[in-house]
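One structure, pasted below without further comment.
In this document, chain identifiers A, B, C and D correspond to the written order of the chains, with residue numbering beginning at 1 in each.
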Amino acid sequence: MSDATLAELMITAASETWRNNGELLASGITTIPRLGASLAKMTHSPELLMTDSEAYLVSEPAPLGPRAADYVPKFEGYMSFDRVFECVWGGKRHAMIGPTQIDRWGQTNLSCVGPDYAKPKSAVLGVRGLPGNSINHINSFFVPAHNTRVFVAGEVDMVSGVGYKAERWGAGMKRDYADIRVVVTDLCVLDFGGPDHAARVISLHPGVTFEQVQAATGFPLIAIDNLGETALPTAEQFAIIRKLDPHNMRGMVLKGNPPAIKAAA
Amino acid sequence: MTFTKQKTAAEAIAELRDGMTIGIGGWGPRRKPMALVREILRSPLRDLTIVSYGGPDVGMLCAAGKVKKLIFAFVTMDAIPLEPYYRKARESGTIQIEEYDEGMFEWGLRAAGMRMSFLPTRCGLATDVLAKNPRLKTIASPYDDGEVYVAMPALKLDAALIHVNESDKIGNTLLRGHDVFFDNLFARASSHTIVSTEVLHDRLTVDAETAKQNAFERYLVQTVVHAPCGAHPTYLGPNYGLDMDHLKAYNASASEEGGWQKYADEFVNVGEEAYLAKVGGAERVSKLKLPVY
Amino acid sequence: MSDATLAELMITAASETWRNNGELLASGITTIPRLGASLAKMTHSPELLMTDSEAYLVSEPAPLGPRAADYVPKFEGYMSFDRVFECVWGGKRHAMIGPTQIDRWGQTNLSCVGPDYAKPKSAVLGVRGLPGNSINHINSFFVPAHNTRVFVAGEVDMVSGVGYKAERWGAGMKRDYADIRVVVTDLCVLDFGGPDHAARVISLHPGVTFEQVQAATGFPLIAIDNLGETALPTAEQFAIIRKLDPHNMRGMVLKGNPPAIKAAA
Amino acid sequence: MTFTKQKTAAEAIAELRDGMTIGIGGWGPRRKPMALVREILRSPLRDLTIVSYGGPDVGMLCAAGKVKKLIFAFVTMDAIPLEPYYRKARESGTIQIEEYDEGMFEWGLRAAGMRMSFLPTRCGLATDVLAKNPRLKTIASPYDDGEVYVAMPALKLDAALIHVNESDKIGNTLLRGHDVFFDNLFARASSHTIVSTEVLHDRLTVDAETAKQNAFERYLVQTVVHAPCGAHPTYLGPNYGLDMDHLKAYNASASEEGGWQKYADEFVNVGEEAYLAKVGGAERVSKLKLPVY
């Protein structure tokens, strides 16, 4: 679908990170991650568990936004918040959220920005479930505006989610369950699969160059061998995305709702 | 039984003292005991330590200068992700904070309910939750694995405030929504629980399936306040949804000079009866659409 | 009621131990303790919480045995087993059970009898909830046949419930919540309120002498000052007991269902 | 979804290995996965470590010589308080044991479900649960209180057996009785959970209230066995009550010379279909009165 929007491309890219995860809870938080997880379940990974984003497990992803009066969610189980924590602690989850900052070690921040923790420049949400999620199960991230304020040069201001910075891990702390998969941004898809968990670009969105990504990132990036383009959604994927998001909420996430194929500068 | 735990909101809040550690049930903008929170706003109480999965409860208490310290994992109103008055308080450095992972927070409440000093958890290790909190210590497994955990300290509460769908006068309560959240743990962690209730019965007698909606035992409840629409403007499933118009106006007030004072004068200081009339009465509240997440 | 049975006297005596307990869960396990707790709730202590002995809190004690077809339990709340444990750990409970052995320190055994734990002479139930109950909340006990096999000379064979034996408590272990109230037997009512928690007889059942009790007990007993008789049930108590136990299951607990007033030997 | 977890009981039990640690859901004579237990009795499995709030499941496995070690808090059949075959095994010293308080036992399952090595508890201190168990260690709070707790080790299970009222072929289950007991924790503590179900659906789609009867997530379930009357002779609320006649006969068999062999020949070795016929068929089982406690 060469007329896909960038948001749709990001949804498709996000969905790939839940491929071959086995049977676990796929939690995509906010519009694009949620549509990514839903698309994964509707296509390559029907075994994924998913909630109605409130308290129940559904066998079919719930569409976004206001629903037809006769819409009945397909409940197959229960997932109250205390159950979500049990799920997290048991490790059977792959979540994708949008942190405020990410650093070269894969550490994330959702708490506050600025050098003084007692009097931050900007208070965000708080650490939420990031400390527990990041140390217990698979995590991926979503960045709608790839820039050096998100991908910071040094360490994130308040480490909310764990990463691969060895100095943060004291003796006896179990790192085995921490597993960062990908970061889907508006420019590319990244992972931390380089030497010593260095950040790598694993695909560039159509029309984006590695140099553009590097310039928008506060720390050095590696390009994987044979770095290619992020795949555009297929017609089948596009049809499913439209069904899952009938009110086109995905069109409001990125400024100006740009096309997937970036016009030449 | 002839005894009753029923009090007015004012009587209930008069039982609290300056400097207390007060837990608030609910989650973000969901099932918050807002009538009790407004009663605190009207009271002279001060220097409170607030323990909450925070929503507008935290924002309003911050705005009114009631908060000395906040123990939290987040503050949000969901559809309006950032709580404006919490942000102001946090960014001005006027409140002390203790920040925990959502699950650690649960674990701290659970430890308190078990009358234990701590419970171990992996959550928080290798983050600034541990590094920036001088109160937190770690503990090693005494077994061969030797794994090091955070020792999450008990979050003991002097009082807890919880809003329920139904209660009787001796503290038998029903939570009829999709999720209890952690209200049961707030009640257990507290030595003094004040329940506000949408519907007040003299005495509850229910069938078995309904009895399962009783999330904590009545011996945990010291005071019952009849407060119809008492969670407004937050979401009380299945009774009513978020009042987005009200929350937007509240949110917008934070951008105005003297905005909080205007909000408080209009909605809080007038008393609960006038509050309810101003937001459209029980009839409008009962028609607020349940949210679709 | 001078024609009361000994079982009825014991029920009445048992009910007294729940007086002035405040609002907590009264758990009487097996016929006589359960009727004692129920009687307490129906008379002097309506504030007590009580279950249907399965999973629900009831505002009116459920009668024992088969019920009329139209009987509807008065459910006021829920008390699944995981909730019972939370109640125990929170300390809001006063339970009365019948242990296999009790020693001078108030320690109890419900696990097995005999000197060899690996190959016991008699396996009973297992420790059940005694370790947790005894260290967390108020406990009382019920003994249908007061003899030296129950009230043992030395320490119980397998300490299942904690008591006041100092050597059992290591440094840093919290003893504050352990609180043994009374033991209701077929001869008397005991407590551990003597010097250094020594066992005391606090009332003798009609026609029983202190010497008889001492002879049936493996460790020395103290008599309280002005040791009197255990009260017979009043007419009101008797009527309530009959209503709570319409099939006279209380009549099957003690061998021969003897009268409350022991005939002179 | 086209994948299925459905297997026959024999196929399911064939997945187990000698020497495994196997958790069994239910409580005493309530909701025990007896069809699966009988399948173990028919199998060559041996040297098992059984983790159970024990009832006739434990008794039968002891009688058949399947148990190397028992991890437990009690074994009982409620109305018949003492389980005869458990007593024989225990008194003959032929099984190893690890005895815990009921709540410690829960805590051990919970630790395993959280992939932690231990959880602290006050329960067990100052008793022989601690003194007679060389595996148990204590741990001191790292805070000022310095309180010493038992460090309850995780009860990690190689497999868990659970009987449910309803399941679908991919492991969505419903527990419709008054109490879940700790079946949810058995499922979490196990790396391989086998569920037997009274009613088998192709795929569950239920309303919200019914969905709350789902006590553990389907990713915790590896195998689903369709086993109508599969809890017999134990109590499966609301489907059927205890079979007291059967339990009395089973209990009496222990007093006879060769009693277990006779019981096994009559009820176990004949296969599950013949078992059900011998106990009166589904029609009789469905009429077994629910117990009044």
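The rule is simple: a contact is a pair of C-beta atoms (placed from the backbone, for glycine too) under 8 Å apart; a residue touches a chain by one contact, two chains touch by 3 or more.
Listed by chain with UniProt protein names: A, C = Ketoacid CoA transferase; B, D = Acyl CoA--acetate/3-ketoacid CoA transferase subunit alpha.
Quick caveat, the model's predicted, so the values are computed rather than measured.
When the interfaces A-B and A-D are ranked by C-beta pairs in contact, the top one is A-B. Put simply, the C-alpha centre of chain A and that of chain B have 30 angstrom between them. Computed centre separation for the pair chain B/chain C is 40 angstrom, with centres defined by C-alpha atoms. Separating the centre of chain A from that of chain C, both taken as means of CA atoms, is a distance of 59 Å.
In chain D, the residues touching two or more other chains are 116, 121-122, 138, 147, 178, 208. Shared interface positions of chain C, i.e. residues touching 2 or more other chains, are given as 56, 89, 136, 177. Pairwise, the chains that make contact are A-B, A-D, B-C, B-D, C-D. Chain D meets chain A in the complex at residues 1-3, 113-116, 168, 170, 172, 188, 203-208, 210-215, 217-220. Contact residues of chain A toward chain D in the complex are 22-25, 46-47, 49, 56-57, 59, 74-79, 83, 86-87, 89-92, 136, 177.
Contact residues on chain A toward chain B in their complex (touch as defined above): 52-56, 65-67, 80-82, 85, 88-89, 107, 111-112, 116-132, 134-136, 158-163, 168-175, 177. Those residues of chain B that touch chain D in the shared complex are 116-122, 137-139, 141-143, 145, 147, 149, 151, 153, 178, 208-209. Looking at the complex, you find that chain D touches chain C at residues 27, 54, 72-76, 81-82, 86-87, 90-93, 99-104, 106, 121-129, 131-132, 138, 140, 146-148, 178-182, 292-293.
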